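In what comes next, chain A is part of two complexes: it sits with chain B in the first one and with chain C in the second one.
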Partner chain A sequence: MPDVQALVNDFVLKLKRRKIEGSHASAQHTAELLRSVISHQRMPYTNQAGALIDAVKAVGEQLIAANPVELAVGNIVRRVLHIIREEDLSSTATAIEGLGLSAGSDDDDEGQHEDRPALSAAALAAAARSTLRAPSLQTLLEDIPDSAAAPQPPSSGGDSEGKSKSDKNIRSRKLKHDVIEAINELIQDIDTCHEQISEQAVEHIHQNEVILTLGRSRTVKEFLCAAKEKNRSFRVFVAEGAPRYQGHVLAKELVSKGIQTTVITDSAVFAMISRVNMVIVGAHAIMANGGVIAPVGINMVALAAQRHAVPFVVVAGSHKLCPLYPHNPEVLLNDLKCPSDLLDFGEFSDCMDFGSHGGSPLLHVVNPAFDYVPPKLVSLFITDTGGHNPSYMYRLIADYYSADDLVVKRRSTS
Partner chain B sequence: MDVRRGQRTVIDPKVRQVGFVPAGATRPPARSHSVPTDACSSSPPAPELPLSGSSLSPVMIPPPRHSSADGLPSLSRSAASPVPIPASPLRRDTVQIPIGSYNPSESVLGSSPMISPSSRLDAVSEFSDEVPTSAWLGRSGSGKFASSFPSSSGEMMTMKITGGGSGGGGNTPKSSLTTASVVKALPGVSEKDRGALIEVQNEGISKPQKQKTSKAERRAIQEAQRAAKAAAKEAGEAVKPSASSGGALPASKQGKVVKPSSQKKDGPQVTAPVVPSEKKVGDRIPDKDRKKDVPHPRMQFDDKHRVEKAKRRAVVNQSEARNRVELFRHLPQYIHGTQLPDLESKFFQLDPMHPSVYKVGLQYLSGVISGGNARCIAMLLAFQEAIKDYSTPPEKALVRDLTAKISSYVSFLIECRPLSISMGNAIKFLKNRIAKLPHTLSESEAKSSLQSDIDRFINEKIVIADKVIVGHAVTKIRDGDILLTYGSSSVVEMILLYAHELGKQFRVVLVDSRPKLEGQALLHRLVAKGLNCTYTHINAISYVMQEVTRVFLGASSVLSNGTVYSRVGTACVAMVANAFQIPVLICCEAYKFHERVQLDSICSNELGDPDVISKVAGRNDLNHLESWADNENLQLLNLIYDATPSDYVSMIITDYGMIPPTSVPVIVREYRREHLWI
Partner chain C sequence: MAQKKGHRSLSSDDPEELARVPLQAVLLADSFATKFRPITLERPKVLLPLVNAPMIDYTLAWLESVGVEEAFVFCCAHSQQVKDYLNKSQWMKQPGTFTVQPIESHDSISAGDALRVIYNLGVICGDFVLVSGDTISNMSLKEALQEHKERRKKDPLAVMTMVIKHSKPSSLTHQTRLGNDEILMAIDPDTKELLYYEDKTDQSQRFITLDKMLLASTPTLHLHNDKQDCYIDICSPEVLSLFTDNFDYQHLRRHFVKGLLVDDLMGYKIFTHEIHSSYAARIDNFRSYDTISKDIIQRWTYPMVPDVQYFGNCSQMKLDRLGIYKAPEVDQSRTAQIRAFSLIGNGTAIGDHSVISNSVIGQSCTIGRNVSIQGSYIWDNVIIEDDCKLSHALVCDGVHLRAGVVLEPGVILSFKVEVGQKIVIPAYSKVSLLPQPSKQDSDEELEYADANSGVVESPSITSIANTRNVDPVPDSPDAEHSDTSEVGISGVGYIWSTTEGGHEEEWRHSIAPIPAEKLMEFCLSAHTDLGVSNQDVNSLPASGELQLDSESTGFDDGEDYKDSADFEKEVEATFQRVLAGVNPENVILEINSLRLSYDMSHADCAGSLFYSIMKSALSAPFSSNLSFGNLI
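On to the complex of A and B.
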């Protein structure tokens, strides 16, 4: 446990110092960290799921507090919590199943357990969900007692009361094992989401298309390159994306793949958008209402695209789906970066004199990191699960997160 | 027609003299245009009266026609007379003219009891001229028809009038009417007292200016008069050929137009047949004129022929950029950075170029001077220098030679950097002034007149206009406002500073963008003056826009469909402001308006040096695009301007006041007229 704590502290520090940035990197690190947290978690005799959830929540809270703007961290924490719940649920389901099928045949049960890993945990979870709580209003209403019951030992324990202790032991180890498996899968998903997204590229990019993008997103790059590999020839306008100028990097990468690329300044977006067929951008996070948190400047692009009826497509992996609804996201979910990106301190030091005007300087420099694009400006989301309308995002989110975890906070009692 | 023409030719000189020669006044062949005031006063001249009396007086104007056609003028006149202020000496003179004349019809108008038909005609013509010029005329309905210019309204008027005349039948009485109508209808067609007309028109031209800039000093008036004189002279010259040809001349020169009309007045017989012919002419002339109004198509750089030609003539060595952006083949895309040293090395070899022009060209090239006003002023001052040092080569005419000279300067400047629209307008003005130089002027006089013209242009169209704009705009700033501006506009800067001087409490959000980062210099200046500033890049526009209450933007030009042509990024700012429902105020001097129209930023634009995009100042780690030119798939595009659709613009603040974008074409038309005849 102490070594885990050290890992956690290290990661928290990195997040705070913005050493780890970008939703992909932070999601991956978070998932790995939580995996080691879980694997080091000592499992109590009863209520293992509850213990795991508590442990994850404790860590998750710290991580989220370290950089609340990096929504991917919170997403992954919630995903892991969700995984734990699902696994617990599925094992409970198996237990019930086992009870119902053959109470006496422990061997069979074990044999089943052996087989289980072969099935994907997700499939199992899905099965459990479909058997236990089909998406109907009734189950939604029943959801609360049900999920509350899951972590609680009495109910789950009560089900398996008739079982032997060894069975429980197996189940407890099994739970941890399954959870770790599932997290591994999640990590893999995060890594490979680009591939799944870019597989859809040919469906969206046609010959001689003119595409505009801003800044650099790995997903966008893969998406465009995938289309190029399928021998589509098209032209890309890359807005450089001040103040980070990642557009330069993207342009270089695209050119190396043989894509016709034109770099423009951000201010020329409106001028060029009338000749663009499609805008494809990456995202920092997708909110539950279908709004997008994206690198600064994209709202401008989205407005221009709307003006000229150009489809505005956001490509993002599912780890960027955030189950929160944004409130005043421009301010609350934003990061203000260092002014030196915009102004040279040396040149403007005289303007930043705090002493001259009653303690407040005349000059303020605003350098936000993100823009919020309201859902009405987004035409389509392309995620690793396919294309979706902004209005569908809330439903997608329900697949990945459980409603209990939206607020990642340990109960004050624990 | 031919017959008529013949008559005209014969009559013309006679009529002119008759109409406007003051009894004792020495009558310059030029019809005394030169001195409008004199002409006016002289208008009642004895010679004309007899003529009119003989031919027209019997032809009393039928009442209906009076009511219809004359009624309007009467209104306008009445309006005019009460307004003492606008009435420059010229105007008064014109009014007097009718008084002096004894045409009964005139009396109807109410100006003076005794006015001969001919005089009345004069009066009418005067009105027509004045109407467009003077603001008050515009108010009165009559004003429209009065315009002798090609404008459609003018035509309509003519039509009406002529119609009235025809309705009257071939009656002699009608003739007077018809004549009147004719006069009005065609700027050029006025029949009888053409000379007078010419003068009047000239006056009219000069007038608008005065009234408009109520401030317009005496000097302006004088200059206008001088111009009028010049015009008159030209007209006089033109008249003869026109008379011989008999064809309708383009209305642009009023003098010419006038001539044909002169013939008409003389004979009553002319009336019936003349009317239709006149009408036709009237129609035709404006048509031609309108065609002329259409701006020349710009040079398209994907037209290889023309590019080749242009290159051969070019002073500046330009080589095509390697990775040209496909979409902008029609714009010049040259390698930047090579011209300057090349030009500098040629400094002593370029005979034809005046050093001051050369200097300005280099400044454009190096970017030391930028911004519509600054470039325009620099260019005009350079031309002023050049004119000062100019001497007409032997056996050449100053007008021709100087125009050619200026043209060569301009093409040099274009090679240094494509002209801004403001510069284009200023050049048009200058060439016009040169063309209008009276031949009687000695070279030194002509030069000094041109120099003072340039001074006046700078002063009136830029300096004073800016002051007026500032005055207007400041009324839109309230305490507690947060004003956003983009880039660095000289007018907006003046507005902000002035509002600050007035003690208004406000904050400025300064939005800037790569690659020029012009906002930083402005930021320095504003902060130095103690303004509270927030600085950001255009990417963050949606973030800062939430607290903003007004957006002030400068413009390189405002096109006649209301499109604002300005520094690239302006459209983005206006768009976001529009999305946040924040008013966007465009500050632009009226001399930058242009009759061109544009829907997007691609058909016409200027491309800057692409290299500046690959390098980010102060960010040495960004070298991803260092050798961008080696890869043919990669292009860098550095647009300089963009076009803001008019629906993003709440208001355009100009020296004519605060107008909606839909009113731009009106200003363009009115302004251009005045501008041409300044």
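On to the complex of A and C.
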């Protein structure tokens, strides 16, 4: 336990000091940390899922507070909570089913048992989801089995009567094991999200097209490179992405892959957009309403694209999907970086003196990191699960997160 | 000692061994100065809050971020307080590679003493970073360290690398930003070696004296007045032993750096490393405290800004538009206004119709109604009652201002001072619960202050007499109020008198913006010489910058002086004709005859000719290379 606490503190400190950059790295670290938290968590006999959820929430709360701007951390915490809930539901369901079966035959038929939990887990997850969803064709088609009613009273007391203690031990280990398995899958998903996204590249990039992007996003880079590998020939305009000029790096990387690249200034985007067939950008986070938090300058690109009816495509891994709605996104979800990216402090030190002008300087320098792009400007999201419309985002979110976890706060009673 | 010697020989023999030594840092948690009195009588300077976190936290955080593994905090004055703070803080318990170790000493009175103590302890075994505990920076030290190490490999005499920063060359900016003087440095542009350092250039006489040897021995030399010293040094262990050998070295810059530069017996060299975009500054006086606070609020020190919680112990801040930082639990009245670039600490209550702008307010303060706070720094647990007016003041912990108090610009209220109703504290006053020490220690900082000869009449505080014990009865506010000589206070506290020669320092170093007339004066004094020299050649001292001392003293006599001026004008006019197309040979003849008729020496002639060449070069830089060549 103490070593886990040390790990948590270490990670919190790193987040606080902004030593982890980028949502991909943050997501990965968070998932790995939560995995070790869960594996070290001692399991009580009753209400194991509750104990796990509390432990994860306690850690998650610290992590989110450490860097509220990095939404990927909160996303992963919520994903893990959701995983625990689903695994819990499925394991209670198998227990109930097992109870029903064991009345007939005491020894479980292995072959039968193997596929049943998987099936019921999926079904139960679907059932849990359906409580969030509006009735739609898909939910109707998914054909929820009757057992969907069962999870409502997941009383561990009821089935503990018939079960022996050893059996419960197995189950408790099983829940933890399943959760860790699922988190491993999640980590793998995060690892491979770039490949998953870039697999779809050829469907979107066509021969002789002109693509515009701004700044540097690893997802965009891999997306473009994947299309090139499939022998699509196309051209890329890269807006340099002031003030960090990551576009220059991207241009270098693209050229090394043999892609025809043109670097333009951010201010030239509107002039060039009429020649562009598609805009592809990365994102910092995708909000529940389909709005995008992205590196500064992208809103301008989106507006230009809309003006010229150019499709505006956002590529992002599903760990960037955030279940929160953006309220006041320009301020609350933004990070104001150091103004020295813009100006050399020494050159402008005479404008910054406070001794004259009544104590307040006449020159202010603001360097926000992110832009907010409203959903109406986005044509398509490409995530590792495929392409989606902005208006479909809330549904994806319902798949990944449970509604109880939107606010990650420890219950005050516990 | 023996151990140290061993280390040194090891490091010089084997560079690989040098690389394995952990990076160490010496942090001087004492400035060995009295600029922050009276506050520093009760609390050490490094623990004073700078935008709600003690200064030492900024320095330690920076050291940690640049990869320092062992930091030795040297505490002298109030060492117990510093140690207690460190023990409580996160720095001591933090697992990982960064360890903080306090070193205590009670009899050190200067940085030199401190380094001698550290040398005797023998804890430093490799290159180390030397900073004082009031340095704020976010620079990366990697490059500078690399340069230093490589230089050391080639030349074991390169003992120190100073970090400098580009800044505007106007002395006005130096004054208004950090309240210190221009620094004049001579740097070899190729090797970056520091050849000359002067930190108190006298404004009235615009001369510097360079050693002739300096010019002879180095092929090129740049003279800079646009550099700012960051007071961050990377030192080799030799620096410590140098301090021990020269026991009269006290001040790092004034004695050590200058001493090394002058002393050519040992041949030790100091190099510079210039940083460009990152931030580094040191809090030297109240004005730099003000400036650096504002730089932090404007985020130049990112990521060490209030809303990033770089230091674990401070509460979470939210950044609103226009640079307003607010803690989560601020009790702000609906009609109260918080204006741009302010910070409000946790648990602070602000009453109706109060206006706060450009200020930093600490934790758990209570601010009444109709209070106006402008450009001020208010620390924790301060009570400000209704209708007070504060502008550009510094108010320490636990101060109580009763209704209607007015603090004029530049006022410093030390810990737990109480001020009675409707009292106006005049500008630049310092009020403390402790009486002023009757005799100032002959601290060198004060000598330094006296050395400044510029005569400036003091602002209105001259009326305040010497150390006046104020009636310590807080409950009878109106009794003394009528008495004008008792200007101060019906609360608790002493008004400190300003020290002799300190009047000038007051406006230079206080938090208050420099009054307009002072700025004018300052501008004038800085520009007169240049301005005059452009119109009139008579004021030779200015143009004489180019000439040697001995020559300008030759013109004692007024008549002579006028002659020489005429001669210069004639030469210049003649010279201009070369540019107009007259045959150079003829002009040479004319100038020679001019020289004879004015009875001037060859040197004079060459000097004035050079002057006119330079002048025409200024006006027409690229047009006439050929004719110059012919003439010379």
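Keep in mind that, in the parts below, the second predicted complex is superposed on the first by the 357 of 414 C-alpha atoms of A that agree within 3 Å, B and C clash if a C-alpha of one lies under 4 Å from a C-alpha of the other, contacts with A are read in each partner's own complex, and residues count from 1 in each chain.
In the analysis below, contacts are C-beta pairs under 8 Å (C-beta built on N, C-alpha and C of every residue); 3 or more make two chains touch, one makes a residue touch a chain.
All values derive from a computational prediction rather than experimental measurement.
Judged by the touch definition given at the top, the superposed model places A:N299 against chain B, while chain C stays out of reach.
Contacts of A:E347 after superposition: both chain B and chain C are touched. Once the two complexes are laid over each other on the shared chain, residue contacts for A:D371 go to chain B alone; chain C is not touched. When chain B and chain C are set side by side, the one touching more residues of chain A is B.
Once the two complexes are laid over each other on the shared chain, residue contacts for A:K176 go to neither chain B nor chain C.
Contacts of A:H284 after superposition: neither chain B nor chain C is touched.
Judged by the touch definition given at the top, the superposed model places A:R35 against neither chain B nor chain C.
In the overlay built on the shared chain, the residue A:K57 is in contact with neither chain B nor chain C. Common to the chain B and chain C interfaces on chain A are residues 344, 347, 357, 364-365, 367. Taken together, the chain A residues at the contact with chain C in this complex read 6, 9-10, 13, 16-18, 65-66, 331-332, 336-341, 344-347, 349-350, 352-361, 364-365, 367.
By the touch criterion stated above, chain A contacts chain B in their complex at residues 235, 237, 240-243, 245, 248-249, 251-252, 255, 258-272, 274-275, 296-297, 299-300, 303-304, 307, 330, 334, 342-344, 347-348, 351, 357, 362-368, 371-372. If you check the complex, the residues on chain B that touch chain A are 325-327, 512-515, 520, 523-524, 527-528, 530-544, 546, 568-569, 571-572, 575-576, 579, 600-602, 605, 613-614, 616-619, 622, 624-625, 628, 631, 633-639, 642-643. Residue ranges of chain C in contact with chain A, taken from their complex: 61, 65, 94-96, 138, 165-168, 170, 172-173, 175-177, 179, 226, 228, 276-279, 287, 290-291, 294-295, 298-303, 308-310, 312, 316, 318-321, 323, 340-341, 357-358, 374-375, 392, 512-514, 519.
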